[in-house]
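Let me begin by presenting the structure, written as structure tokens, before commenting on it.
A, B, C, D and E are the chain letters, set down in written order, and residue numbers restart from 1 in every chain.
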Amino acid sequence: MFNPRDIIEILAANVRQTKSPFGIPKFMVNTWYKDHSLPKEGEYLLFTGLMYQFSPFIETSTQYLEKYEDTKTADYLKYAKWVPGYISGMGLAMMTKGKEKRKAGQPLKNIAYLLQKSKVNFGYRPDLDNYSGILLYDMGDQKGFVAHAKKVAQKLKNAGIKKIITTDPHTAYALKELFPKYTGISFDVKPYFELLNFEPKDCGLEVTLHDPCFFGRYLKASDITRKQLSNMGISVTNIRNQGEFTSCCGGPAESISPSLSNEIMDKRATELEEPGKPIIAYCPICLGNLKKSGAAVEDLSTLLARHA
Amino acid sequence: MKTINKDKEAKKTAMKELRGLRKNLIAAASSTMKIQKKDMAAIKTFLKGEAATIPEISARIDMPTDKTLWYMATLKKYGQIIEGEKEGAFFKYSLNEPEKTQEKAEA
Amino acid sequence: MSEKNQNVGVYICYCGGNISDHVDVEEVRNRVEKMPGVAVARTEMFMCSDPGQEMIIEDLKSGKIDRVVVASCAPSLHETTFRDAIKRAGSNPFIYEHANIREQVSWVHHGDTATDKASVLIASATAKAKLLKPLEPIRVEAKKHTTIIGGGVAGIKTALDIAQKGIEVTLIEKSPVLGGQLNNLDRLAPFGEKASDILQELLDQILNHKGITIHTDCKIEDVTGYVGNFSLDIVTKPDNNNINKKITIDTGAIVMATGSVSYIPFDGEYGFGRHKEVITLKDLIHILKENKSSGTALEVNGKRIKNMVMIHCVGSRQIPGIHHPKENGQLNEYCSRTCCAAMLNASNQIRANFPETGIYEMYRDIRTYGRGQEELYNQASKNKVVFMRYDADAQPEITLGSSSDYPLLVKIKDSLTFNEQMEVPADLVVLATGIEPDDVSDLASMMKLPIGTDKFLLEVHPKLRPVEFPITGVFLAGTCQAPMDVGEACNAAGAAAVKASALLSKGYIELDPFVAQVDMDKCQGHGACVEACLKEGALELTEVNIEGKIHKKARVTAAMCLGCGACAAVCPEKAIDINGWALKQYEDMVDAIVSDGFAA
Amino acid sequence: MSLVNLDFAEELKEYSGDTALECFNCGTCAAICPLVNDNFPRRMIRYIQVGAREKILENSDELWRCLHCGLCTHTCPREADPGEIILGLKRFVLANWRKS
Amino acid sequence: MVSTHIKNFDTLVVGGGIAGLQTALDLGDQGYRVAVVEKDASIGGKMIRLSKVFPTLDCASCITTPKMSAVAHHENITLFTYCELNSLDHDGSGESQGIKALITQNPRYVDPVKCIGCRQCEYVCPVHIPDMEQGGLSATKAISIPFSNAIPQLPIMDIENCMLCGQCEKACPTNAIDYFQKPEEFTITAKTAVITTGFDLLAVKDNVQYGNGRIPNVIDSLQMERLLAPHGPYNRVLRPSDGMEPDSIAYVQCAGSRDKSMGVSYCSRVCCMYAIKQAMLLSGSLPLADIIIYYMDIRAFGKGYEQFYQNAKAMGIEFVKAKVARIDKGENGSAQVRYELQDGSGIATTDHDLVVLSMGMVPGWNPEPICPVSKDSDQFITSIKPKISPVLTNMDGLFVAGAAAGPKDIVDTITESGSAAMEAAKFMSKSLMEN
């Protein structure tokens, strides 16, 4: 386990300096929309919170950290925060393969496609799409989170945004629950799958759904995904830990203790693999983490886009 | 005599009607009954040779242990099977021979 | 008594394994079948169930049998059940004999011994049954009047219930006031009603009820008589002229509602009596009731309390070897049932009104079992009461504190904090003292009422006859039986009242006819029986005019006769005998027991 | 021997919800936690209840093993919200670090 | 089908469990005419389905059957079993504020007058169905008498599972089978009514933490009562997955009680004691087995209960203070319980051959929309005077007793039933005086 104090201070410094926990400048990360012509305006604003975009970088950094966990080198981490975020982040960005980066953007492209197909009136503005700050909140850096969240929220408010579509559970939770509480600014926040609207269909498939903690438990949205899937004739296996009782994938532990994260991940992956059906996740962290375990897992948006 | 026949006829028709009404239930019950009959026969046939425990019977006739126990409890209740000695943590069961009539059942 | 062979039916119960696990019931049946006089012998899983009873009824109706022996559990449980069944068959209920092969056999013997003993007991019962004769119950007039002893909430409620059914009631209270322990309470757990309001509502009703006579400040001198016709002598306290008034109350039934007292800690128990800061829950409730505190902290004797420690289970749930018995050797092993809710209730009141007073509750188990009580516990947590848990063998210790702010320091091995030793500075310690029954041993011995090992009055059976004593016509209600809260005591009062009302509603009572009977031909008027008689007034010598000559003959007052047989034992002429328990029956029973044939 | 101290719960109010004393120490949170195979988080909650401030600071690293999966809060019989309590402790500890 | 069939009584008792039986007896003994309406095919309620009862360890049948029998034969009491209560309200017609109840007699498909209870129909019936009287652990037939000491001794035909093969009709010696029986409605009017509708257990299948009923050998406490009872499904204690005699048995207390997240926030009051009782009975029948009770607080508050608890401890039954957080499927048919070791030494997972869940108690009957009597937030019937008379409801002339007014053990239920009978009797003598 790394010293949490060191990790938090690095994250906090990164967010302060680069608005990104990993110190990676946004322009290097948020590229998925470039091949598409997405409207800028709409009833809803599509807000990714950059979570899907970050996932390959998280993976790289974790691989890096894993090597040093519980070694003497781990202690040097505390000096890392003095290295400007841009420099360390760029380094991280460069260590990450371009193919991985492109793959990470795919779910977002799918989501945009699904929303368009459902005739949802939405726009996308890369300038307004920022990291939500959720990791700072989870780590207990309340002040850092609030300072960052206020900036993000204010920018949205200034742009006249009222309704927001989110793509991942962490950003959804931040915007829906935390922003009103800590920034005083509220939006009408909906996860993308709530707005999908397709003709009923019979795909005759069965999948195992891994509900992310924040969608399954905090936001109680797991019924919505099941309804969407059942509408397409995709049945969901009944596993022990699902919905409000879903089990953590271990993902968020990566930065503090990769070994703990791996342990939890393997346990969860075994559970998910038991019914022997394709595994579907709908959170970039879960997706990345479960993939790392070697499980055959894909994103909900990918599955839906294939069959919609 | 004639009225009796007439009553019989009426009853027959009424029963036919009732069977029509409950067609689905009757079909389901019949198939359940057939499976039960077969399963219980399998248990009893196996026990003709020897007394055995639930896991032994299950393994031999390829039936889940909980289901075997359920049948065994039932057969015992209706006097067709008796419980014998314990072997390890399990009891042995054998046929109640000569199979007594069900008067004895569940005293 | 006719010696002709009767046709006895013997019915042997499996008692669902209670008997058959140890007694080979079918083997017993085989043996019984061969016994002389036995017409049929049958077995059943539960003889007391309807199919079992039907079996007996059918055999009686068909004329196969005319005497019945049931071999099952203790007769105290089901004798009446089977008598009623025989009545339903149109036969006399007293042609019935019971063999106890559960409590006296299967619960204490195993294997062949059990089977043998069961056979012998049934043989003996059969021998006795052959000599049973039809009897008629003794009918006595019953006075439509009930006397309630104890004027606490249970007594008042019983009195009201019975009186409202149109039966006259006398209520006797030893203290000058009614209300009992309710007078010592304030807000009642868990809903917060004021004890004084509850009492007032009851008093308004009872004082205005014409059918209820109340005697306070009085003592019971004597209780005589029998069901339907009891007599109580009471003496009031000396009045202004220093005269004790004596009153005799004739009554049909008696309800014991003598209540309870609060446990008083022994000197030094948790520092009680040594430190003035250690008080009991009763004291605390008194303080809350007076409510002399102003401001944001509870004040006791003018001192603001900052940290109070409340210790549960003081004088309750005591364990031999761990707790000190009282001087009389008594150890209160029972749970006092009401203290947990009462403590939490007090804590909530204090935390709500005096936020500056911190509270630590040290408990063994929190027993908020009743409706609304768990919420009380939850609320205490919301009110920031800190709970600490101790084991019975590691009780909290009260020591002197080092600061003047906190005169005491309470040490506890807290199992909620991973068994760490913790210290809580305190300026008040409250002991949750439990409930003890009020001492009514004199009354109990006067009336021959049973007392349990816990010193509470003992009912016949907690489920079959929960508000009755073995002495017909005497009932019990409220905390003289066991710890109860107000609602539970009122329920018990209702249950006792319903039994008393049912008993007295007919105006007469039927008693079992197992009483002494005199053979007038044989009686020579020796009077030995009268000398031996244990129950005053049950036997007397009277002069009888037979063909112009005056003879002395013994006469039995059936309603008073205990059926003990002391008279039968001393009569030189064998002129007196007990119905249903005649000497010849004993002889035959003994013969049956000693004859070798019936065991294997 | 540790001395209890009610003031700590007050101090914590600044950082978190005020539910620690609602916990009745059943241990469900500790046993249900998929992340930490230890008496966590009840140990921390109990330390708040008895005001063992130093013990929390001594063992503070443990707090960051919690990922806020929320299962403890979801299964808490008393609705004491252990997840939120731990988050509050993180804030408290971080503030302490930053002060030092 | 509207029926004008009206039956008149002094008191209507709704529910024929121990509370209803005691209430009926206490009223009948005072000369009141009582109707007992019971939804099940037999009276006796939960109590007749139990093994032995605490703290005296009397067998439940020994206490219940004589009361059942006494009620059945009482000259003032009439039983209506297998009946649905459709409505219960004040009788608006006329001056009196009496009680009027609309009731449906469900068809047994057996003529109650002709049937002699010989069970020939049951023996010949070829269809086996799970016997819910035995917790589903063994089978009964599609036509059967519910259990051996049922009152009345009348079989019920389960038409959902009947093949209409006609075998029962052929076997019946008295021509009592009637395939065409229809529900019959009737009305009961009375001066008073007593609600004694008892309780149900929360369903294991609704409890996610304890495996939704899908983990083998995790059973509820009423199923354990059947395993211990003389007429039990196996006539001994075996684990349901494979008939093994269990060597290690665990009790999980507060399974759905004192826990809003799992069921109900109140205490179910009887579970501590029945778990201790069952543990004692188990250690009698399986002397070598390890028996562990996982508990939060042991609530042995009644007369003789604490001593009972201490005896159990002395007998070697293990008490572990912990709330079991979850149960998982273990190896070889075992069930694995997971709990915190409260001494601070971490988390334990322990395998047991059989796990008994002391499931929470919920009301057996919901008055809505049948009867306008109020319920509390706990869903049990409101007692308007919990101190002076806990049996009073907000409906004039309507009283409540037993577990219908909150979880309650048998001792307290019997006492409360006497109290309800007293209040009903008083109510009737009061109205008698007023008229």
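In the analysis below, contacts are C-beta pairs under 8 Å (C-beta built on N, C-alpha and C of every residue); 3 or more make two chains touch, one makes a residue touch a chain.
Since the model is a prediction, treat every value here as computed from it, not as a measurement.
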item	value
Chain separated most widely from subunit E, comparing mean CA positions	A
Centre-most chain [mean C-alpha coordinates]	E
Top chain pair, ranked by number of contacting C-beta pairs	C-E
Subunit A-subunit E separation of Cα centroids, rounded to whole Å	51
Inter-centroid spacing, subunit E versus subunit B (mean Cα positions, whole Å)	29
Shared interface positions of subunit A, touching two or more other chains	245
Touching two or more other chains - residues of subunit C	14, 45, 366, 378, 416, 418
Subunit E: positions in contact with at least two other chains	148, 209, 231, 258, 342, 344
Residue numbers on subunit E that touch subunit D, as the complex places them	209, 254, 258-262, 296, 322-326, 338-342, 344-347
Interfacial residue positions of subunit A with respect to subunit D in the complex	1, 3-5, 7-8, 138-142, 213-214, 217-218, 244-245, 247-248, 250-253, 256-257, 260, 264, 267-268
Parts of subunit B lying in touch with subunit E, wherever the complex brings them together	14-15, 18-19, 22, 25-26, 28-30, 32-33, 36-37, 53-55, 58, 65-66, 68-74, 76-78, 83, 86, 89-91, 102, 105-106
Contacting residues of subunit D [partner subunit E, same complex]	24-32, 37-39, 42-43, 74-77, 79
Parts of subunit D lying in touch with subunit A, wherever the complex brings them together	15, 34-35, 60-61, 63-65, 67-71, 74, 87, 89-91, 93-94, 97
